[in-house]
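Here the structure comes first, spelled out in structure tokens, and everything after it is commentary.
Chain lettering (A, B and C) follows the sequence in which the chains are written, and residue indices restart at 1 in each chain.
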Amino acid sequence: MSNETSATTTRRGQAPRGERIADWADGRLGIYSLAKSNMRKIFPDHWSFMLGEVALYSFIIIILTGVYLTLFFHPSMAEVTYHGSYVPMQGIRMTQAFESTLDISFDVRGGLLIRQIHHWAALVFLAAMMVHMMRVFFTGAFRKPREVNWLFGFLLLVLGMFTGFTGYSLPDDLLSGTGVRFIEGVILAMPLVGSYLQMFIFGGEFPGHDIIPRFFTVHVLLLPGIMLGLLVAHLILVFYHKHTQFPGAGKTNTNVVGMPLLPVYMAKAGGFFFLVFGVISVIAAVASINPVWAIGPYRPDQVSTGAQPDWYMGFAEGLVRVMPGWEWNFLGHTINFGVLIPILLFPLVLVAIAVYPFVESWVRGDKREHHILDRPRNVPTRTGFGVAWLIAYFVMLIGGGNDLWATHFHLSINSITWFVRIAFFVGPVLGFIATKRICLGLQRRDKDKVLHGRESGIIKRLPHGEFIEVHEPLDQEQLHFLTQHEQPEPLELGPEVDENGVRRKIKRSQKLRAKLSKSYYGEDNVIPKPTVEEYKEITSGHGHH
Amino acid sequence: MKKLSARRRHPLAALVVLLFALAVTGGLYAAFAPADKAQADDTAQSLAIKEGKKLYAVGCASCHGTGGQGTSDGPSLVGVGAAAVDFQVGTGRMPAQQPGAQVPRKKPIYNNAQREQLAAYVASLGAGPTIPEKSQYNSEGADIAKGGELFRTNCAQCHNFTGKGGALTDGKFAPTLEGVDPKHIYEAMETGPQNMPSFGDGSLSKQNKKDIIAYLGAVNGDESESPGGLDLGGLGPVSEGLFGYIFGLGALVAVAIWVAARTTKAKKS
Amino acid sequence: MSETGRHEDVPEENLPVEREAHEGAVTPADDPFADPGLPAHEHRKQDIDERAAKRSERTVALLFLVSMIATVAFIAAYVAIPIDKIVYIWPIGHISALNFALGLTLGAALFCIGAGAVHWARTLMSDVEVADDRHPIEASPEVKAKVLADFKVGAEESGFGRRKLIRNTMFGALALVPLSGVVLLRDLGPLPGTKLRTTNWKKGVRLVNQSTNLPLRPEDIAVGSLTFAKPEGLEEDQEDFNEKIAKDALMLVRIQPQNIKDKQELAWSHEGIVAYSKICTHVGCPISLYEQQTHHVLCPCHQSTFDLSDGGRVIFGPAGHALPQLHITVKDGFLEAASGFEEPVGPSFWERG
């Protein structure tokens, strides 16, 4: 149909072209019903809500650049002699995987940039997921109805770690090869099946000729495929649940306040993708990452000091580094606890935070939906647990880089290792106690502010000579903000004997639950928020002291 | 000039003049001091040994013993050769300032002539490696790629891929090789200073050493290329992770704050 | 407040006091803490001043324009700058001109699109905050009852519960069928056999210097030196060089015999020359950070520390057993193995014993 006729038909009262295309699609895909609930969907604005977007966009960047890299990368362990343009490698024997990585870096125009964007985006992806998860944790955004989405996010983080690790291994350079050798040691340490698994995974003795092609399939197909599925599910649930929001004037548990998807959020979120891509491109322009040409090709008899994995595996590396060398021999069998225990602790520590939402809802016995975020100070036990977890995590990150901390701060590597061994157990406890105290202090300050107003910094001299600081009363918005949170009562077990004097049977799990509940909401763990009566009594008096 | 005269009576003026005078004297001394007078003829050699012995008695004997036989504070110097002295004194490690896990590199205390005299004296105590000739450590006829492979086999385990250094046990460390004179690198391989093992010619041939030095010159000099950008210390994933968090995620959070912030409202008039 | 959950296991009085919803600006005079409702919308400058709006419009357009220019510059850089050109950029260093130019132009092109879109949204699109209702996710009791009834009908019709034979055989078939997939994985690799226990070292194999590729003589190895060796006949260009060197790599040091504490170590040495496996017994890194004064050797991966003057004993770190030593001797002036390794080299495994 030509433009002229369409123009005339429009004049005759038919719909414009865009609308007719939409009609066509609606008749087949039902897009109007879909758009009805989504086009003007409301999203609250807060910078911390965009951490997840950073992760999402870096994932897209990784896929785009990753596809480009596959056009040039040869995932093969066949040995060749290098004759490319990087002089300090000419004549060196290496695998095709390493050779093609050098080619991407030195002989494909822009290849180095794409490689660096890919790797930087991967580091940012994992970092953003981690910080996003912490935001969700500390604000209680994981509560009903979002527990499943929390698990999806957790799985994305774990899969992201392994996708990152396999990708880091692909160039077959000396650093990543050392990492693969570590994996071999871990597999061998598995009781009973270790040596069989090692032979099957590596296709024979280490390093063999199969591991890089196999990692390649896992890295570009298997893991990203699963992640893409989880990611879509994660996003659908975000849409379906509607986003949480921070407390404030006009924000309730039954509404969501913000800007509509079309146009504001679409422009902001769409624009943010370009911003993320732009920032990562600039970083790839100015900062080198994984310069494999300086590291050299992998050979099992070579190694460099400072052999570390990428940061997201640093936590596991730390666990392995600080583990004492325990090994058992019995009945002709060997169990290598020096490897086995850290490798079991690694998922356990991660799972500890993954199952937290279910623990908390059990302790609280709360089955309602929550859409208003908690201020971390108002849930001291949860905040304390989160800080304790982070301390354990970061102590192990220090352990993972113990050799670099040693050289850069002129310390003994052995002392750092001992510090980490102790701090892994002591640090979280101290962190938990300190955080809880700080939270309660902040609650007290909030209460003070509500009852006595804000310290204005103005000193006034009263007629009888006394100096006082003028406290300005808060407006209603602030009063509401500081008092809107719930303060549940702890669970009670009830009397031990019932009305007939018969001992009630109380399950151990019930006792534990009551105890935990007390540690969450008991007297010592919460500062009662000001009541209206208290407020009125103080404000009706005179002088805001 | 006006500025200068205005500050003439400043309380610190005398100090500045004093420092200036000291610097000039020191500079003149350094310029006129007998730098390369030690000739290779026999008389000069024996003279150097004599002078060296005097220097040794003052600066070294307290730890290494009066005849270089070693004490509980310092190893024997018999047979360590002139190369060891040239390395230890030339990099300022000796004389050591204080006991510790490891004696670090610092500004040399002895000048070239004194160092040569000390070297001559210590060499006279027992045969050992001599100071290498320039032709042994310059890059002429060296194979950089082979040097890289040798470096990764023999050196990188302590000194890192590109010679940035690394940690050893109990506070000891392998120092960075950045800015180290090729001659000193050669001497270090030959003599094995402190806890570094030595790599004599039976272990690394002369050509091997030359290759390694040429490789280091290519990847760890002032002019070394880092095509990808900032090398972040050449330390690998730890510094990359820190950079990714601080500048990557940090910049993105800054951007996110801008995106999510409320637009400034018009002032009520 | 959505009161959707059931809490049969929680006493009613333990539930927190319900928060009242304050939709709109209804403020009971007696509750100073009540939700005052959404604050009134305040205008931005752009909303009331057309000139400010125009300025924003120009800024947005300028950003999009800069992006276009940056893309053109990207293409120009791609064409014009040779790939091997190195430039010095302070303070970054000697870097690839092409990488730097491409990265900055691409970054600018992308960033400006994003900045333009966000600036547009922030200054020109409506910034009136809107409140949208949430609805409980749980279905109403009627819906739930209907679904359960439907399911019951379907289940009845299938006879799944009644015909147990069908049910059980189906479970059996479904449980068995994945086994084919497991069986198919068998050819991923060979069985371990003795592969992890054996190396290429055996009696009479000469020790060849890894760096010079020459057979080693005792006088090549001075006290305090460190030398790496491989078995004679193993060359870098062999197809299985990596698999072999992964087990065979050897580290040679010479310790004054009187300083060797372990009797067997002394017996297996030659005039103080001891040969140890270079492969760490923890997870297999090539351990070789040898401190010649302490005779300690440190692994750079996980800091296991072994004492080479005391039978390769572990003195720190996560390794579980000593480094294996190779018994060496001298024949015709050259160092050679007096026997193979007596124990498996490298990380331990279940069958190691």
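The criterion applied here is as follows: a residue touches a chain if its C-beta (ideal position, glycine included) is under 8 Å from a C-beta of that chain, and two chains touch if they have at least 3 such contacts.
Fair warning: this is a prediction, and the values are worked out from it, not measured in the lab.
Chemist: For which chain is the distance between its Cα centroid and the global protein Cα centroid smallest?
Modeler: If one averages C-alpha positions chain by chain, the most central is C.
Chemist: Work out the mean Cα position per chain and let me know which chain is farthest from chain A.
Modeler: Measuring from the centre of chain A, the most distant chain centre belongs to B.
Chemist: Hey, how far is the Cα centre of chain B from the one of chain C, in Å?
Modeler: Centre-to-centre distance between chain B and chain C: 35 Å.
Chemist: Mind checking the centre-to-centre distance between chain A and chain C? Centres are C-alpha means, answer in whole Å.
Modeler: A distance of 15 Å separates the two centres.
Chemist: Between chain A and chain B, what's the gap in Å when you average each chain's C-alpha atoms?
Modeler: 43
Chemist: What are the residues of chain B that contact at least two other chains?
Modeler: Residue numbers touching two or more other chains: 153, 157-158, 166, 168-169, 174, 226-231, 259, 262.
Chemist: At least two other chains touched by the same residue of chain C: list those residues.
Modeler: Residue numbers touching two or more other chains: 92, 95-96, 99-100, 103, 118, 122, 127, 210, 228, 286-289, 300, 303, 316.
Chemist: In chain A, which residues are in touch with two or more of the other chains?
Modeler: If we look for residues of chain A contacting two or more partner chains, we find 106, 112, 116, 268, 271-272, 275-276, 279-280, 284-286, 288, 299, 301-307, 402-403, 413-414.
Chemist: Going by the contact rule set out above, which residues of chain C touch chain A in the complex?
Modeler: Listed in rising order, the residues are 1-7, 9-11, 13-17, 19, 21-23, 27, 30-39, 78, 83-84, 92, 95-96, 98-104, 106-118, 120-122, 125-127, 129-134, 136-137, 185, 188-192, 195-196, 210, 228, 230, 236-237, 239, 241-243, 245-247, 249, 278-279, 282-289, 300-304, 314, 316-321, 346-353.
Chemist: Which of the residues in chain B end up touching chain A in this complex?
Modeler: 101, 143-146, 148-149, 152-153, 156-162, 164-171, 173-174, 215, 218-219, 226-232, 234-245, 247-249, 251-253, 255-257, 259-262
Chemist: Residue numbers of chain A touching chain B in their complex, please.
Modeler: The contact residues of chain A facing chain B are 45-51, 53-54, 87-92, 105-106, 112, 116, 120, 123-124, 127-128, 131, 174-175, 268, 271-272, 275-276, 279-280, 283-291, 293-296, 299, 301-312, 314, 400-404, 406-407, 410-415.
Chemist: Quick one: in the complex, what on chain B touches chain C?
Modeler: It is residues 150, 153-154, 157-158, 166, 168-169, 172, 174, 192, 194-205, 208, 223-231, 258-259, 262-266 of chain B that touch chain C.
Chemist: Over in the complex, which chain C residues touch chain B? Could you list them?
Modeler: Contact set of chain C toward chain B: 42-49, 86, 92-96, 99-100, 103, 118, 122-123, 127, 209-212, 216-217, 219-222, 224-228, 253, 286-294, 296, 298, 300, 303, 305, 316.
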